[in-house]
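Next, two complexes with subunit A in common: one pairs it with subunit B, the other with subunit C.
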Partner chain A sequence: MDAIALAAGLVFRVDVLVTLLLASAFGLFVGAIPGLTATMAMALLVPLTFFMDPIPAVGAMVTASAMAIFAGDIPSTLLRIPGTPASAAYTEEAYRMTLKGEAETAMAANLLFSAFGGLVGTAVLILTAPYLAEIALKFSAPEYFWMATLGLTCAAFIGSGRPVKGILSLLIGLLVATVGLDNPAAVPRFTFGSTELLGGVDFIAAMIGLFAISEVLRNATQGMASQTLPQVRLGNPLRGWGPMFRKYWPQQVQGNVVGVAVGALPGAGADLAAWIAYAVSRRLSKHPEKYGTGNLEGIVAAGSANNSALGSAWVPALVFGIPGDTITAIVIGVLFLHGLNPGPTLFIFQPENIYAVFIIFILANILMVPLGYAAIMMSRPILKMPRRVLMPLILAFCVVGAFASNNAVFNVGVMLAFGVLGFFMEENGIPLAPCILGIVLGGMVEDNFITTMIRNDGNLLAFFERPIAAGLGVATLLIWSSPLILGLLRRRRAAA
Partner chain B sequence: MLGTHIHRRALLAAGIALGAVTTLAGAATAQGYPDRPITLIVPWGAGGGTDSTARIVGSLLEQELGQPINVVNRTGGSGVVGHSAIAEADPDGYTIGLATVEIGMMHWQGLTELTSADYTPLALMNFDPASVNVREDADWADLPALIEAIKANPGTLTASGTGQGGIWHLAIAGFLSKLGLEPGAVRWVPSEGAAPGLQDLMAGGVDLVPCSIPEARALIDAGRVRSLAVMSSKPNEAFPDVPTTQDVAGVSWDIGAWRGIVAPKGVPDEVAARLIPALEKVYNSSEYADFMSKQGFGRQWASGEAFGTFMAESNESLGAVMKEVGLAK
Partner chain C sequence: MRLNDALLGCILLLVAAVVAAIAWGFPAVPGQDYGASTFPLLIATGLAGCGAVLIGSGLRERAPIVEWQAWLGEPRRVIDFLSVITAIIVWILAWRPLGFILTTAGVLFALLRRFGVSWKTSLAIAIATPLIMNYIFGRLLLVPLPAGLLAPIRWW
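Showing the complex of A and B:
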């Protein structure tokens, strides 16, 4: 109890609280700008934290990352530009709600379930960190291979329309993921002698192009109507939260569970958590046909997942100094810098510091409600803008975002090319989401397959030799073959 | 087709003209250098040790020069993209970069034409030797025991920590070759870096990770990883108990990762003369020493031509290893 009182004393000081507030505003700002990710917000904070005390330094990073992940939902909903990759899974869904005039409902749900998801992730971090970290450390290449394969399976559930077109989209994404030098054999592929392409196709530029530029193109071809989209005013979004909680708690729980589990695995992170949560909730939904038409269920699940993943990504980071994602990779460096060396000893010798970090986690997710509300209010004028004014602005935003992701003009070209690709895909009824999933997971599937093969001298049984891998592998194969088995059973029953 | 051709030529001409103008402008204003913000390119992603080193150098250099330093990450292609961006920038002193050991490796693999000779060397800031890290519960008590195990069953043990042909891959391959063993006597499992390699070590996926000690530090402190030896002529200051390969195995083998600040080739002398002393002040500042020692990173200094010689020597010795182990093209 003493340690907790001591920790509260470390946190509830004017300078710490002011730092948290400034970091929140910074995180919201960076997250809302397309192309600038939560990771970038962290990297920009690093030099500032050199000159801070340990607790405000770590606190600034906690709050800024939480705010950035939520803020990514705002441009995602209003403009169809995912502010951070963690929003990409439900960008289409949220944007459809805006087209239906329900932008405020979508954003209110994002805010509510982000904050709540963050609190769940924090609770898991506080209560189970040492145990969960042990399990997370057991994940090696075969386990990750199955995880990524399961992720790819999600493609069958996230695209609306015909499955064949979803698979086509996934294959386009997987092809894009093979470009570059960063593959296990370190052999340049599809680079055509270009130095820029050695780095592969920048995921963020491709994502902005596919979603946002294609939308700009579509508006241009339709003669750019001058009217605005009529919106339902929600007034105070807080009032809608009670019913939302009651109606969508199953999706919220699904999202939290997926987020916490995926987030704790080193190298998986909030982006993947959102995709899987979206797919899982669709699979379990009573109305899967409503997905992709502007349906809150998927938004609730994925929005809950990415913020709860954020907290659990700290589990392996704090316990073993192994980063759960790129955000915690930066945090680990800052922890070392301030003498808070990650490891079990941190919990034993400096419990007050750990508790202080936990208190900041809780504070950050509570602060998210008023600050996020303010951010939503500030973004309202966008909805009143005529489309023909808005579209050129989106284009300008996209150019800035694509450039900022890797500071390369080349990426602006990548974004435009993917915009054209996205336009033609959608004109032909090919969904975009599976393509993005393919780009995200292509490298992970390949790397872990090759790694497992190298390690076991090409023995394919290696994918089933370790207990967790065997479990995941059998589950994946069952999911794949379930339509076939069910079909056979039905036929036999009909024959009998 | 003709249209694009002309267009491209026009662009090229415009580019050359622009380049000429900025070079002239650069030469004219080198006296008052720097009078606007400087860009510091990092060829590796946000979150790694290279990125955080660049950011501390950047923020301290900012105080020295009185101009903002913008640290930008140009990632991808195992460092080729970022290193190329530094070399191809205008040599006006307003774009500098953080070069890493990979500059002496990638051209041997035939990935780029670029070598350390394509830069103006400014200052070497850091050096971390490779080490041999195993799980705490591993069967081998020390390095000789591990070497015996490798000799008894060549090709069964696995190691990880970088991609194929990365610095830690060369470290172990070169070490084996010094022992008179086949470089493939320990199979290399490519990974994206030391952290995923160590994660794999913990998960029982690989048997050893030849990364630098600071990278394995949290796990060593947590009692999960043992460092058997450091591949250097002298022990690490932060870990004096870890012996050198010379001490325990009788093999002298020096290899490690370094980081230094470079500028594109052909920057005005005034610019180098302004930057090198400023970097020296940064290097000697207590903030920098403090930052590096807390992270467990080693400091090593060389400036100007001495740094150029250092890079050339590193280039030659890495090239020799890469040829020996069959990674050079």
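Showing the complex of A and C:
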């Protein structure tokens, strides 16, 4: 109990609270700009944390990342341009709600379930840190392979269209991921002599291209007609939250469970959690046909998942010093810098610091409600702005975003190429989302596949020999074969 | 431009063949059966499979080989479309020599005028936007935006 009192004393100080507020504003801003990710917000904070005490330093990172993940939903909902990759899973869904005039409802739901998901993730972090980390440590190459494949599978089958086009999009993404030197044999692949491509295709630039540039191009073909989308004014979003909770609690629980589980796995993180949660909620929904038409169910599930993953990603980071995602990877660096070496000893010798981090997590998710609400209100005029003014401005932000992701003009070219590709794909009914996930997870799938194959002399059964791997593998194979099984069942029923 | 599934399928078969041909040439890891070419070959197989399925469905569908959307018949829309692409290319080419502020101002002004925004508004937006962005990204977020021609009088 003393430790908790000590921790509260560490957190509830004016300088710490002001730092948290500033970090929140920073996180909201960075997350809302397409191309600037939550990870980038973390990276930009690192030099500032050198000058801070350990608790405000870690607190700033916790709050900024939570805000950035939520803020990514704002441009995603209003403009169909995901602010961070974690929002990409339900961008289409949220934008459709805007088209129906329900942008405020969508954003209010995002805010509510992001904050609540964050609190659930925090609760899990507090209660189960040691146990979850133990399971996560059992993961080896085959488990990672199946985990990533399961994520990809979900993405390919998410689209409401035909599975073959989803798979095609996924394969395009996987192919793009093979470009460069970063492969098991370290051989330059598909670089065509370009030095820039040796490092692979930057996926931030690719994402901006696929989603944002293709959207600007589509607007150009429609003559920048100012589609005035009449929006239902929500007024006070807090009022709608009661009914929303009652109606969507199953999706919220699904999202939280998936988010917490996926987030705790090293290397998976919030992006993957959102995709899997969206697919799971669609599979379990009573109205799967409504997905892709502007349905809150999917948004609730995925929005809950990405924020709860954020909390649980700290489990392996704090307990074993293994990052759950890129954000915690940066955080671990900062922890070391401040002498808070992650590991079991942190819990034994400096428990007040751990409790302080927990308190900051809770504070950050509560702060998210008023600050996020303000951000939603400030972003509303975007919809009223004429498209012919808005689109060139978006283009300028995209160019800077693509450039900023690793300070190379080459990336702007990558963005353009993917913009044209994305435009063409959409014209032909090929969904964009699986392609992005393919690019993100391609390396992980390949590495773990090749590692397992080499380790077991090409014995495919090795993928099923360990219990967790077998479970994940069977689940993945079931999803892949479901169209076939359903088709056979239908045929048999028709024959009977 | 909407391609018939059969045509799309044929393109995929071709892409799959090219990917496979290139992947075949990757050097093997000595003493290992699996290496740099394994995964690309699997992807090529998948692409070919998708291609085959699409050819099958395309032939049954009997849609036109290429469906041209209405906007392709309107010169204004086509120019709008191409001007977005040209704008990005100009950004890429002028990024270093002219610098971020001048390039962005020029491209924004041209685009805004092209889309029918008034002279005054276009000019105001084209001047204000790059300055604000330069401050936010260049100063606050430490993105190394090039100064270009403005380097001698760099004030930020």
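Here is the rule we use: the second predicted complex is superposed on the first by the 475 of 496 C-alpha atoms of A that agree within 3 Å, B and C clash if a C-alpha of one lies under 4 Å from a C-alpha of the other, contacts with A are read in each partner's own complex, and residues count from 1 in each chain.
What we mean here is this: a residue touches a chain if its C-beta (ideal position, glycine included) is under 8 Å from a C-beta of that chain, and two chains touch if they have at least 3 such contacts.
Keep in mind it's a predicted model, so treat the numbers as computed, not measured.
Chemist: Just checking: does A:L217 make contact with subunit B only, subunit C only, both, or neither of them? Give me first, second, both or neither.
Modeler: Second partner only.
Chemist: Would you check which partner chain A:V11 touches, where first means subunit B only, second means subunit C only, and both and neither mean what they say?
Modeler: neither
Chemist: Per the contact definition in the header, classify A:F139: touching subunit B only (first), subunit C only (second), both, or neither.
Modeler: first
Chemist: What is the contact status of A:P184 with respect to subunit B (first) and subunit C (second): first, second, both, or neither?
Modeler: both
Chemist: In the superposed arrangement, which partner chain does A:F424 touch: subunit B (first), subunit C (second), both, or neither?
Modeler: A:F424: touches subunit C, not subunit B.
Chemist: Does the superposition put A:N341 against subunit B (first), subunit C (second), both, or neither?
Modeler: In the superposition, A:N341 touches subunit B alone.
Chemist: After superposition on the shared chain, which partner residues are touched by A:L472: those of subunit B (first), subunit C (second), both, or neither?
Modeler: In the superposition, A:L472 contacts neither subunit B nor subunit C.
Chemist: Tell me the contact category for A:P392 with respect to subunit B and subunit C: first, second, both or neither.
Modeler: Once the two structures are laid over each other on A, A:P392 reaches subunit C alone.
Chemist: For A:N406, is the partner it touches subunit B (first), subunit C (second), both, or none of the two (neither)?
Modeler: first
Chemist: Starting from the residues of subunit A touching subunit B, keep only those that also touch subunit C in the other complex, and list them.
Modeler: Residues 184-185, 407, 450, 454 of subunit A touch both subunit B and subunit C.
Chemist: Flag every residue of subunit A that touches subunit B in the complex, lowest number first.
Modeler: Residues 39-40, 42-43, 46-47, 50, 137-141, 143, 180-182, 184-186, 188, 195-196, 198-200, 202, 266-267, 316, 319-323, 326-327, 329-330, 332-333, 336-339, 341-345, 406-408, 447, 450-451, 454-455, 466 of subunit A touch subunit B in their complex.
Chemist: With touch defined as at the start, can you tell me which subunit B residues reach subunit A in the complex?
Modeler: Listed in rising order, the residues of subunit B that touch subunit A are 41, 45-49, 51-52, 55-56, 58-59, 71-78, 80-81, 84-85, 109, 111-112, 158, 163-165, 187-192, 195-196, 198-200, 202-206, 217-219, 221-224, 287, 291, 294-296.
Chemist: Please name which positions on subunit A make contact with subunit C in the complex.
Modeler: 30, 36, 44, 164, 167-168, 171, 174-175, 178, 183-185, 187, 189-190, 213, 216-217, 220-224, 386, 388-389, 391-393, 395-397, 399-400, 403-404, 407, 409, 412-413, 415-416, 419-420, 424, 427-429, 446, 449-450, 453-454, 458
Chemist: Going by the contact rule set out above, which residues of subunit C touch subunit A in the complex?
Modeler: The touching residues are 1-3, 8, 12, 19, 22-23, 26-29, 32-36, 38-40, 43, 46-47, 50, 53-54, 57, 69, 71, 76-77, 80-81, 83-85, 87-89, 91-92, 95-96, 100, 104, 107-108, 111-112, 115-117, 121, 125, 129-130, 133, 137, 141-145.
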